[in-house]
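Alright, structures below, take your time with them.
One chain, chain A, links the two complexes that follow: it is found with chain B in the first and with chain C in the second.
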Partner chain A sequence: MGFILLRRLGEMLFVMAGISVLVFLIFFVTPGADPAARIAGRNASPEVLAAVRHDFGFDQPIWVQYLLLMKRLFITGDLTSFVNRGQKVIPSILEALPITFSLLLGAAVLWVVVSILIGVTAAMMRGTWVDKTLMVLGLIGVSMPVFWVGEVANLITQSRYHDTWLFSWVPALGYVPLTQDPWGWFKALVVPWITLAILYIGLYGRVLRASLVEAYQEDFIRTARAKGLSERRILIRHALRTSLVTFVSLFGLDFGALVGGGTLLVEYVFGLQGVGFLTFNAFGNLDLPMIMAAVMYASVFVVGANAVVDILYATLDPRVRTSRA
Partner chain B sequence: MLDRTPSEPLLSVDSLTVSFRTEHGLITAVDKVSFAIRPGELVSLVGESGSGKSLTSLAVMGLITDPNAILTGSIRYKGRELVGLSRHKLQAVRGNEIAMIFQDPMSAMTPVYTIGWQIAEQLRAHRKLTKKQARTRAIELLAEMGMPSPEVQVDRYPHQLSGGMRQRAMIAMALSCDPSLLIADEPTTALDVTVQAQILRLIEQLQRNHGSAVILVTHDMGVVAEVADRVMVMYAGRIVEEGPKEPVFMHPGHPYTEGLLRSIPPMHGVRPHRLIAIPGAPPSPANRPPGCRFSPRCAYRYEPCGIDPPLFRKEQQDIACYRAEALLEPVGVQRP
Partner chain C sequence: MTLITEAVAPPAAAAPGRVQVSRGPWATAFRKLRQDKAAMTALGVLVLIVVVCLMAPLYATYVSKTDPFSSNLSGTITVNGEDVAVMQAETEGLGLGTTPIGPTYTGAYFFGADTQGRDVMARLLYGGQNSLLIAGSSTVLTLVLAGLVGIVAGFFGGWVDIVLSRLLDIMWAFPVFLLAISLSIVTISHGLVIGPITISSDSLLLPILIIGLIFIPYVARPIRGQVLQLKRSEFVLAAIGLGVPQRRILVVDILPNVASTLIVFAPLTMALNMITESSLSFLSIGVQSPAASWGTIIEDGQGLLYTRPLVAVLPGIAVVITVVALNVFGDGVRDALDPRAKLRVKD
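Moving on to the complex of A and B:
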């Protein structure tokens, strides 16, 4: 196990190094991205431009620039934005983190609980109108663009029906820190949570139903019945437990991608200045240090989530465990 | 006539019919099957693939879950009707009074739990035992099944065991609550020949030690010859011959039984170059011939075979064939 973890960590570093080089190179071949020109301002003379270039080390060979950037990002930790002078990159990300996490954790709890309920109900009532209705709703959930759902939710809760008893409690857009005002935090996030969760509820509900239906065709379910177990136990301990492998790996990957910035659309619509928002702005400004930091941060979560999924996979399925050992 | 029922039957199945609603209309896979199992006897249910052996066994366990299945008739266990019993009451019978083992022990066990866990689960479903007691009992059972180092094997997952060991674990699980009836549906078909013999020996030995009755489902007359006390031959959803092993093997009454017996490879001596098989294939439940269902494949076919034969009693055998009629009067219900 220790060896596996170590190898995983090595793989992770390798992937991250690759991504950082790629991002760096793409940045330098992008036209109009010359940071010196941006820093020096619109009407700078060639002399000023050259001075800025020299000051910031833009006249050095590209690999030196890369190493310098990496050093300031990972070792000294004092990398600053090219666009907003003096804005330290790492603290900005750390500030944005709790917002993204708050959004994600609530949504994840919601989508896991609701999709398990939907998946199990649909599988148990297979072929009935309940099953069909749930699956159609799931499909609708999957096919509605998050951005659009968010805008509609805002339209309803912030303007159209904001003055009715139903939505008058919804606060104005923006984030309220949990430590300052837990109830405010909750109120501010309920609508974003639901918006983000809808897609995944539809997706996971459908996936779970399919794997439960498949599990119920298995011989071991017949054995479980032959043993005289209760239907409830068969469902939870046998059918659901064996379906969990798919469910959990899917969850791990989606969660990783979302922490890594996949929440952007929801953050944007609801004015939550999370990591997705930060990344979005950095790309808009072609702000290399910020982009680099955000991408590195995201890759940690995506690659990390992959590793966690692999480990969970081995814990959940003994067949995987032994083939590794 | 000989008294063939010295004791009250443990299980009596009467006119059991299993049909399925399909796109092509109603198909009847098991058709008015009746039989009785006495305590402690080993009865073999033989027949070609598709004859309805598995469905008959599953029906006894109440395990036909297909929503399109229609089950009629009566299945009485120790005098108690199982057909139409509530799910809750049926759960107390399954695994406790009647247990079942299946053909493929790999797919029949839940892959994510150790065999010890799965045996303990069944024990704890029917007995008041602590986790620890159940585990101890599981180890004892595995030892009784002839598993080497059972205290190690108990923590193994199904995929870590060989086919034979898995089937032993399945049998250990099935016998964990001391059932009075064990239904084994082709328990050796998925195993190597050498292992097959070991598993058969084991079932036979356990049947003696535990005094459980066993219904051994097989398509192999050789297996029947090895272990059975009594034989029921099934063809196209019906029991066509039934009786104690010796008379059935010595004087098969139904041409189908005769055909099956000819297809057993001899136990000793030279193996014949080719075994004589019954010509043709069994009819599918959807298009069965009128009259005797075996008649299209039968060498003795004559006019009466156009009408469905009832069961005739010939000494200890019941035979659904007009050739037996010459000897004695019908005993079975006249089928429409």
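Moving on to the complex of A and C:
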């Protein structure tokens, strides 16, 4: 087991190094993407351009630039932004983190609870109109662009129905820190939570129903029935437990991807200045140090989630473990 | 189940005395798909959307008689015999700005105008063309490249496999949306120059290429796995034992199996690509103005959300209908082609 973990760690490091090289190449070597030209402005004279190039170290060999960037990001930790000179990159990301986590945690609780309810209800009542309605709703949830759902939510809660009893409590867009005003934090995030959760409720509800239906065709369910177990116990101890393997691995991957910038569109629509927002602004300014830090931060979560899911999978399903050894 | 009914009741068209030959797997799948009412309805909806969007030039020329690509800030149109300005003076607040005309529900400006005074209905149709074109072409690109990578890696193995798999690992772990955004921002600010080929920054090729590239690992990995599995399957081992050349094994035994997987992936990938395109365009790094796509129209409508909500709401509805139809059709295709789906038929 120790060897597997070590190999896994090596793979993670390799992948992350690969990602950093890829980001670097995209922003430095892609033909036509000259960061100096971008920083110096549209009509900069050749002298200014040369000065900027020298100032930011763009005149050094490409691999020196890469190593310097990596050193300042991971070893000395004093990497500063290209655009707002002096702005330290790592603290900026740490400042944005609570916002992204607040958004994500609430949404995750919502989508796990609701999708399990939906999946189990649909599987238990399969073939009935309840099942069909839930699955159609789930499909629509999966098919809606999240930013558009956010816009429509804003239209309803901020404008059209804001003056009715239903939505008059919804505060103006923006984030309220949890430590300052917990109730305000909650009120500000309810609509973004629902918006972000809809897609995953649809997705997980459908996946869970499908795997429950499949589980109910397995022999061990028949055995459990033959033993005279109650339907409730069969559902919770046998069917649901098997189905949760898929559910948990999906959740791990999605959660990792969302922490790593996947919440960008929701943050953008609701004016929450989280990590996704920060990353998008950095991209827009071609602010390479910020981009590199944000992408490395994001890939830690994505790569980490992948590893955790693999290990969990092996723990939850012994068949995977034996086939790997 | 289907096989039995076929044998018992041969189609009326079958010539008397002719022996019923078992159909090929493709014909069986096609039959199954045609009997799937939901999938066929979804296909009908998709065809309808494509046809309607293709009629955009006709609509703009003969019905609305508006130019959806240039701004019209001082024009007037005639509604119910009265001249109305396309951009109307604001009645709320300071009354300094202008609000575009709302839906007229007649020929010109059926769904009103956007901030540039352009006809929203006509832009919806033209935007649909671009959204469908980008989602469709990038899907073809993804499937072709991913199929190629997956087959080469799985079939030839060795260092080719190691290199390709590691590359896929890196792309897989790169947060997919961030990859799309970084590629889009870099290429859209300056266009893309690859040797003698120059792609200008407002070309539709850019979003097609980018969206086509980013989802390759999601398709190539399962394909590679499938090829590895096929290589160990008994019929391939038998072919190797018989001395069948590698090329023939690849074409006769591997390709048809991989092709069916790719076809299963097609509608679902297109649905994903459609949403990705609209997201990129919404962040104004997809389709570039004055061209339209459903995503760019939603972006145009963002500033008008509280005054003229239809501008942002309608293209979203168009995306949702198209993506739902693609997903339903994709489920049907999967059930028809995937033998495992027989299990699911019972529920």
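We adopt the following convention: the second predicted complex is superposed on the first by the 301 of 325 C-alpha atoms of A that agree within 3 Å, B and C clash if a C-alpha of one lies under 4 Å from a C-alpha of the other, contacts with A are read in each partner's own complex, and residues count from 1 in each chain.
Just so we're on the same page, a residue touches a chain if its C-beta (ideal position, glycine included) is under 8 Å from a C-beta of that chain, and two chains touch if they have at least 3 such contacts.
Because the structure is a prediction, the values reported are computed rather than measured.
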item	value
Which of chain B and chain C A:Lys227 touches, first, second, both or neither	first
First, second, both or neither for A:Leu13, with chain B first and chain C second	neither
Partner chain(s) touched by A:Trp148 [first = chain B, second = chain C, both, neither]	second
Which superposed partner A:Thr242 touches (first chain B, second chain C, both, neither)	first
Partner chain(s) touched by A:Tyr268 [first = chain B, second = chain C, both, neither]	second
More chain A residues in contact - chain B or chain C	C
Touched partner set for A:Val130, first chain B, second chain C, both or neither	neither
Chain B and chain C contact sites that coincide on chain A, given as residue numbers	127
Interface residues, chain B side, partner chain A - complex	61, 63, 65, 67, 87, 91-96, 99-100, 102, 104, 107-112, 121-122, 125-126, 157, 159-160, 170, 173
Touching residues (chain side chain C, partner chain A) in the complex	166-167, 169-170, 172-178, 181-183, 185-187, 189-194, 271, 275, 278-279, 282-283, 295, 298, 301-302, 305-306, 309, 312-313, 316, 319-320, 323-324, 327-328, 343-344, 346-347
Of all residues in chain A, those that touch chain B in their complex	127, 218-220, 222-231, 233, 237-238, 241-242, 316-319, 322
Sites on chain A touched by chain C in the complex	11, 14-16, 18-19, 22-23, 26-27, 30-34, 38, 126-127, 139-140, 142-148, 151-152, 154-155, 158-160, 210, 213-214, 217, 257, 260-262, 264-265, 268, 279-280, 283-284, 286, 291, 294-295, 298-299, 302-303, 306
